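Which chain is which? They are A, B, C and D, in the order written, and residues in each are numbered from 1.
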Amino acid sequence: MTFAQNPRDTDDDKLHEECGVFGVIGGADAAAATALGLHALQHRGQEAVGITSFDGAEFFTRRGLGHVADNFSSGDSIAELPGHVAMGHVRYSTTGGAGLRNVQPLYAELASGGFAVAHNGNISNSRALRSELVGKGAIFQSTSDTEVIIHLVATSRYPTMLDKLIDALRLVEGAYALIVMTPRGMAACRDPLGIRPLVMGKLGDAIVFASETVALDVVGAEFTRQVDPGEFIEVDFDGTVRSHRPFGERKARPCIFEHVYFSRPDSIFNQRSVYESRKNIGIELAREAPCDADLVVPVPDSGVPAAIGYSQQSEIPFELGIIRSHYVGRTFIQPSDGARNAGVKRKHNANRAIVEGKRIVLIDDSIVRGTTSLKIVQMMRDAGAAEVHFRVASPPTGHGCYYGVDTPERSKLLAGRMDLSAMREFIQADSLSFVSINGLYRAVGLASRDGDSPQYCDACFTGEYPTPLTDLAQRHDREAQLTLPVNKVA
Amino acid sequence: MTFAQNPRDTDDDKLHEECGVFGVIGGADAAAATALGLHALQHRGQEAVGITSFDGAEFFTRRGLGHVADNFSSGDSIAELPGHVAMGHVRYSTTGGAGLRNVQPLYAELASGGFAVAHNGNISNSRALRSELVGKGAIFQSTSDTEVIIHLVATSRYPTMLDKLIDALRLVEGAYALIVMTPRGMAACRDPLGIRPLVMGKLGDAIVFASETVALDVVGAEFTRQVDPGEFIEVDFDGTVRSHRPFGERKARPCIFEHVYFSRPDSIFNQRSVYESRKNIGIELAREAPCDADLVVPVPDSGVPAAIGYSQQSEIPFELGIIRSHYVGRTFIQPSDGARNAGVKRKHNANRAIVEGKRIVLIDDSIVRGTTSLKIVQMMRDAGAAEVHFRVASPPTGHGCYYGVDTPERSKLLAGRMDLSAMREFIQADSLSFVSINGLYRAVGLASRDGDSPQYCDACFTGEYPTPLTDLAQRHDREAQLTLPVNKVA
Amino acid sequence: MTFAQNPRDTDDDKLHEECGVFGVIGGADAAAATALGLHALQHRGQEAVGITSFDGAEFFTRRGLGHVADNFSSGDSIAELPGHVAMGHVRYSTTGGAGLRNVQPLYAELASGGFAVAHNGNISNSRALRSELVGKGAIFQSTSDTEVIIHLVATSRYPTMLDKLIDALRLVEGAYALIVMTPRGMAACRDPLGIRPLVMGKLGDAIVFASETVALDVVGAEFTRQVDPGEFIEVDFDGTVRSHRPFGERKARPCIFEHVYFSRPDSIFNQRSVYESRKNIGIELAREAPCDADLVVPVPDSGVPAAIGYSQQSEIPFELGIIRSHYVGRTFIQPSDGARNAGVKRKHNANRAIVEGKRIVLIDDSIVRGTTSLKIVQMMRDAGAAEVHFRVASPPTGHGCYYGVDTPERSKLLAGRMDLSAMREFIQADSLSFVSINGLYRAVGLASRDGDSPQYCDACFTGEYPTPLTDLAQRHDREAQLTLPVNKVA
Amino acid sequence: MTFAQNPRDTDDDKLHEECGVFGVIGGADAAAATALGLHALQHRGQEAVGITSFDGAEFFTRRGLGHVADNFSSGDSIAELPGHVAMGHVRYSTTGGAGLRNVQPLYAELASGGFAVAHNGNISNSRALRSELVGKGAIFQSTSDTEVIIHLVATSRYPTMLDKLIDALRLVEGAYALIVMTPRGMAACRDPLGIRPLVMGKLGDAIVFASETVALDVVGAEFTRQVDPGEFIEVDFDGTVRSHRPFGERKARPCIFEHVYFSRPDSIFNQRSVYESRKNIGIELAREAPCDADLVVPVPDSGVPAAIGYSQQSEIPFELGIIRSHYVGRTFIQPSDGARNAGVKRKHNANRAIVEGKRIVLIDDSIVRGTTSLKIVQMMRDAGAAEVHFRVASPPTGHGCYYGVDTPERSKLLAGRMDLSAMREFIQADSLSFVSINGLYRAVGLASRDGDSPQYCDACFTGEYPTPLTDLAQRHDREAQLTLPVNKVA
């Protein structure tokens, strides 16, 4: 499988949501709907995919590396997954050696019957739990933190599967949006803070769960509501839906980066249009950081909505000064004769006829390491831009995420090691501004950030983590000399 | 190779350029540069790719189904193609049974040495020539019309390879942009009318040829000039460049659809920015067919530049009312429970939050069969649009192309079987307008179309073919009952 | 992997040893030696193969379907398995759905460190043990009975790995020859009756374990001695060898079928040359069942040694009246026009020039279902044999094996459902004789079978099983209507 | 396809027949019968296989590297080859780069219709013919000498396919057994000397052609007769069979090595049982080179029939002192710790219990390079043999073959560079004898070799080539410094 050789686009300088989940119960073509739903969530994880179905008697699982379409577009692949209930998972990364073992859904034959789970998020005390379980004789199949949940369920003394799962989740800390399948039906739940997203819909008589509403749209389902933070929803095969709140009521803190970049612009997240949030960020940015320029140019595609907002607010014309190739993914061998930046041009190429001689405002959604931003500024200058002003539709990203997002270690985050002026110099822009944290909160419809009890998880901007980080703390004890360790989450 | 099972995106309703070509002579990493150049031309052909190199002694060829990145991104694949000269080809379709045989470059060992050729275009008398050659004992390896050229060269009585090739091309009718490699060097030529594009650039000391300037940008080469219609350029290994005009001077008629859809917006075609041509078409369209509406919504991605033009001219805001998935290609199994149009939503999804309750002007580059246009209008209405006005950035496409473009037969072209009012009804839009043919010529910088001697080939709009169509005429004799036969071009 | 589609040669009518094991500790090229050793044991299992190595820090495992040569002949495959200790396993069958999961060595990360195991044999109370373990929260990865051992070790309360393993094996009933690898070294052990074979050798400074001595020959090792029944041998990385007898002393009962068919003729089993045992059986058979004939013809290749013995004793010339193809394995599509028995001819073809007009004595090692014997008799008659006398170099096989041998259910064993005369009629031979059970014991150097305490396990001939058969008994309780259930062993 | 990496068993020291051919016309399951027939001819070529069928309208071809069973055992593969006529080819070697191109049957679309050919043999003036054809404009697809025949047919001026083919074959020199398929039917022919074998049979109403009679046996066909040297047999779809002798009558000289090694022992070649010929050679050898020994030991499998003859004549007991593994093919990585000769033991292992302390006569069919013979003698000594006498069932092989057999260059043939005494010393045997050339002729039923006009081609023993060797002579002119060039035949 050549895909595995070079799975990440190394020119990409984004934070990455690690996973997307989708499940459907009660429909005739459960596996086909799941494949389509996962395809709509492909932006949440491109490196591996799996689907599990249950036909009333047996569980069936099929997994693969690569895209949903590479693995589940054939009739044969769907025919291997019979039954009226199915669920699946796309994930961003599969750690090398483990190959398909870490690809979800994970499945186990428990004393109480089959149990399958798909998980978006990260359990921040999984190492501690795992080592305790192994000490008691548990044998792990994968290196995934999700398997911890299965072993906790398997060894729970509670009688019902529901109680076992709640028992297990009480021991778990971190972020999770889970879909679970058993011979009794399907369950979906979200951690008490609702850090990772999960929504519910209706497709004919079937109930659907998905990470984002766009997956409901694509399969033709209607959006019912979000799964609430700390909510645990059970669906039986007869269509009965029961909601539980085993962890009591707490104030939610969903991930604000879903508005900034992770979710698709046509999704509704936390009751708001993602597209409108992004356009609003552009409007805020135009107010906070205006600019005397000839053109507003988005870094496509993620910078486009904010650029439209910036253009409408500033009345500077919006133009495609950078053209994005549809065909990206793999890195190519660089010919040594090539001019600088052939790599980045493979993905983004300057539209010289538009840019030449112009003062431009570049709009991007975020800056992570800054390496791509530098190349894009250079590309604009090489194409003859007279001035290049950089405007970023999120605050500086200075802190790692431990809730299921792939983040570089702090020392590699541009905002983790430089102030604004140094960042501007690094990317060689004529000016650089980020939207303020309050500007961001205004763009998502709030008056401002509530400093005592923030309405969203914004730890990547503020460093204020809403949960304890047990594994990290233990590692710090062991590796005290490191300022911040590599954030290797699953 | 699963890609081959279902190579075409059946929801796509576009005309398709059949091929892209790229060649480089004199550079250290010729094959790597060729892979990168072909990657930049991937939009001209996604179904197969091949590269041939020559190391001074031997020719090396590697071909594959699928994208350039699937076949030529590894170091191993490039290492199989040593030498300072290489050329390659991407193509849109490979006829089933023939598999890799039809994938170019084609290569033959002639008495005068090796001969490799990559061809964009279509030879419209290839059947007649082929049958004559087979009658004389020629054995064909492929069903490609390009192989006819090789056999004509092989059996030519002229002494030099240059003369043999000119001798061969004199017998050929139709459209071609050719790159040829022999042990003596590289040659590039374009048919007398210059129907298909071909440009020349410089990459350090190396000479580069490519279908479009974007490929020069991506490899880091400088644009020198286009290869002129009817021009034949020889490049030796010592860098000597010789230009010939073996067919005399004729007025050029390049394909106007390169401006409308085929070329990338960041390419320069026939001395003009393609992006600006498209934006100008949007401006012309706003003048010719204004509309009382709330939003201008492009059908992404090809409708975007014209929509920007339309918005700027009409002062109606530009908004992303349709979101395009980055992950398309394969058709999925449709779950029977799904609402209508799950297929089209896989690729294009309505941004309901933006569209709901609004009067929208949809902008697309062209309408071919009309099936996708209908689905997109429906999707807008399903998302709550109050009115849907459709504006098309090209004249009605009522005629097939026989010059290397994959066109449905006339009876399947919407404009081939209906008038404007019937088309509007078919796609269920509130109003429908196409840019006029003179509006299109104005958008590309001309006062108007010269009816006596048109400045471009516009046969798909006007039915005026600039060359004889021998194979088609012979087929008509045989199949007189058909109004227009299937256009099976290569 | 097409091999998996049709893994068994359906024309084959033999009992099959399920597995072969090989391990080496202390040598420079442990994985390469293991691959070669397993290759020499390929006749013990052709459907899957795996090797695990340990480099002092990490364990490495590689498994595959098919032959050793298909999976471990490349340098790359061996390079994936670094370290001075390695062990491997070939197996006869992998149950469909489970794919590679059941392929050994099995490996688990226990609290005490890594633990890998390769097992030849069958645990006859594995279902009971498994269900108990699952009840306590154990999660199984495979359907293999071998995994039961790992879970028993993981949950044992004893402190050392040695004690844990002994603790686990005390709970286990049935037959096993085990090789185990831990970060401390390698261990090898054999069940108290020594049903399955296991030998020990020396390769330079390294210690080697293998199912048969032929594997020692092929890797160039010297035969030291057999691992004794009930013996547990530990080898450390410094070369220290310790022998334990945790189960006390019991009289051994090794499998007599190793002499009849399972072992290679060039192996030494239970202190005797297998080739000589087989030749002796032929001599006994010639004494017990003489025949007036022109030629002794072996059913190749397994009938050859007994046929040589029969020929030498009877002074009837030995001739190759049947030629065996070297290229067997897969079943082909049968052309309907073909004469009868094209299937069997693909593997065995009559040497008509030799057979025509002659009275022949056919010698085969055993008869299981009798279907192939019938076809071979027919083939001899079709080739013009005047008379066909069948002599079998083992007693009638009337009982299933539950110790790691793939046996058809009793109702499909020819000797399980017919007496001698009916068997002769079924296979259409002019006469039929089997060697007597005492003749067989004489051929392996004993005066006769000790009825009170047999010197070998001969349950397949006598129905006297030397251990309890717990799973089978429980199944009988559940399925009392079945005379004898399918023997699904692993 | 890993098979291609290491296709030859490098421990093998045999001459190799390059090809086997099979064709059937008039039967319902032509492709299935062809697959089965080729499987029976697998010993004539293991590295590639192809089948072509014709369904009355179209030709279908499928080729692959590896064994017949790897490529043609599935129902799907056979279903791709519809029609009542099919033919196929197995070949020994495929030259690297060319991959599947050189795999036969070769096929061409000629002006007169489709033309497929499968060829066993070698055209000894193919270079000269090829260069002439290329000079006239022919374009070759492969490097195979067989393609020369197709081009000669394509450019022949004769009207019928029969006449075109005869016209082509008149220009050809060397050895060929050909099967040809056209839309008119099938034809089979053999070169005027009948060097390579070809037989004809009947399968119901269908006519079958094959390299050996064993293929007729396996598909259930009846042997009709051999195709005579210089005979050209046409079979129409209505079953009409016509025989032609376009080259007049000449005395035949079939290859005597078919008796020695190439053909399967159960085949009838040139009216004689191959098994009996081989046994007779053993008898002649026992007369010409008797030996005072305890055991006759064959080098399995090819030495077995001669060893049986030697044993019967000498009355020294026949024993399997060497056991051959059924699982050979690929070379393994040699562990450096291994004792000498692990490689040869992988295939042949000493049966120490039999050999130890004995004086043995080893019987092999031939000695080519002598390297394996040396290893086997050493293996016998390592196993404790008191004396090792080597007897070879063919005369010394001192000359290359240019008729479709893969032979090392003369300087690598043991008998090409040493006399008998040096050979004995090289292989370290106590004595060495070859059967005499007249002994060989007696064994195949003749009084002696006719020196003026030999009854067989025996050039590999005598150096007397029955045809001119044009390509070789021309190469000699060019490379006068070489005593004898590499014999690279196809």
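The rule is simple: a residue touches a chain if its C-beta (ideal position, glycine included) is under 8 Å from a C-beta of that chain, and two chains touch if they have at least 3 such contacts.
Quantities reported herein were computed from a predicted structural model and do not represent experimental measurements.
Summarising the inter-chain layout, the chain whose CA centre lies farthest from the centre of chain C is B. Measuring from the averaged C-alpha position of chain B to that of chain D gives a distance of 52 Å.
Between the CA-based centres of chain A and chain B the separation comes to 36 Å, rounded to the whole angstrom. Per-chain Cα centroids separate chain B from chain C by 63 Å. For chain C, residues touching at least two other chains: there are none. Contacting chain pairs (ordered by label): A-B, A-C, B-D, C-D.
Within the complex, the chain B residues that touch chain D are 108-111, 134-141, 150-151, 154-155.
Chain D meets chain C in the complex at residues 2, 5-6, 27-30, 32-33, 35-36, 39-40, 42-43, 46, 67-70, 72-75, 78, 203-204, 206, 214, 217-221, 264-266, 268, 273, 275-276, 301, 304-305, 308, 312, 317-320, 323, 325-327, 329-342, 345-346, 349-354.
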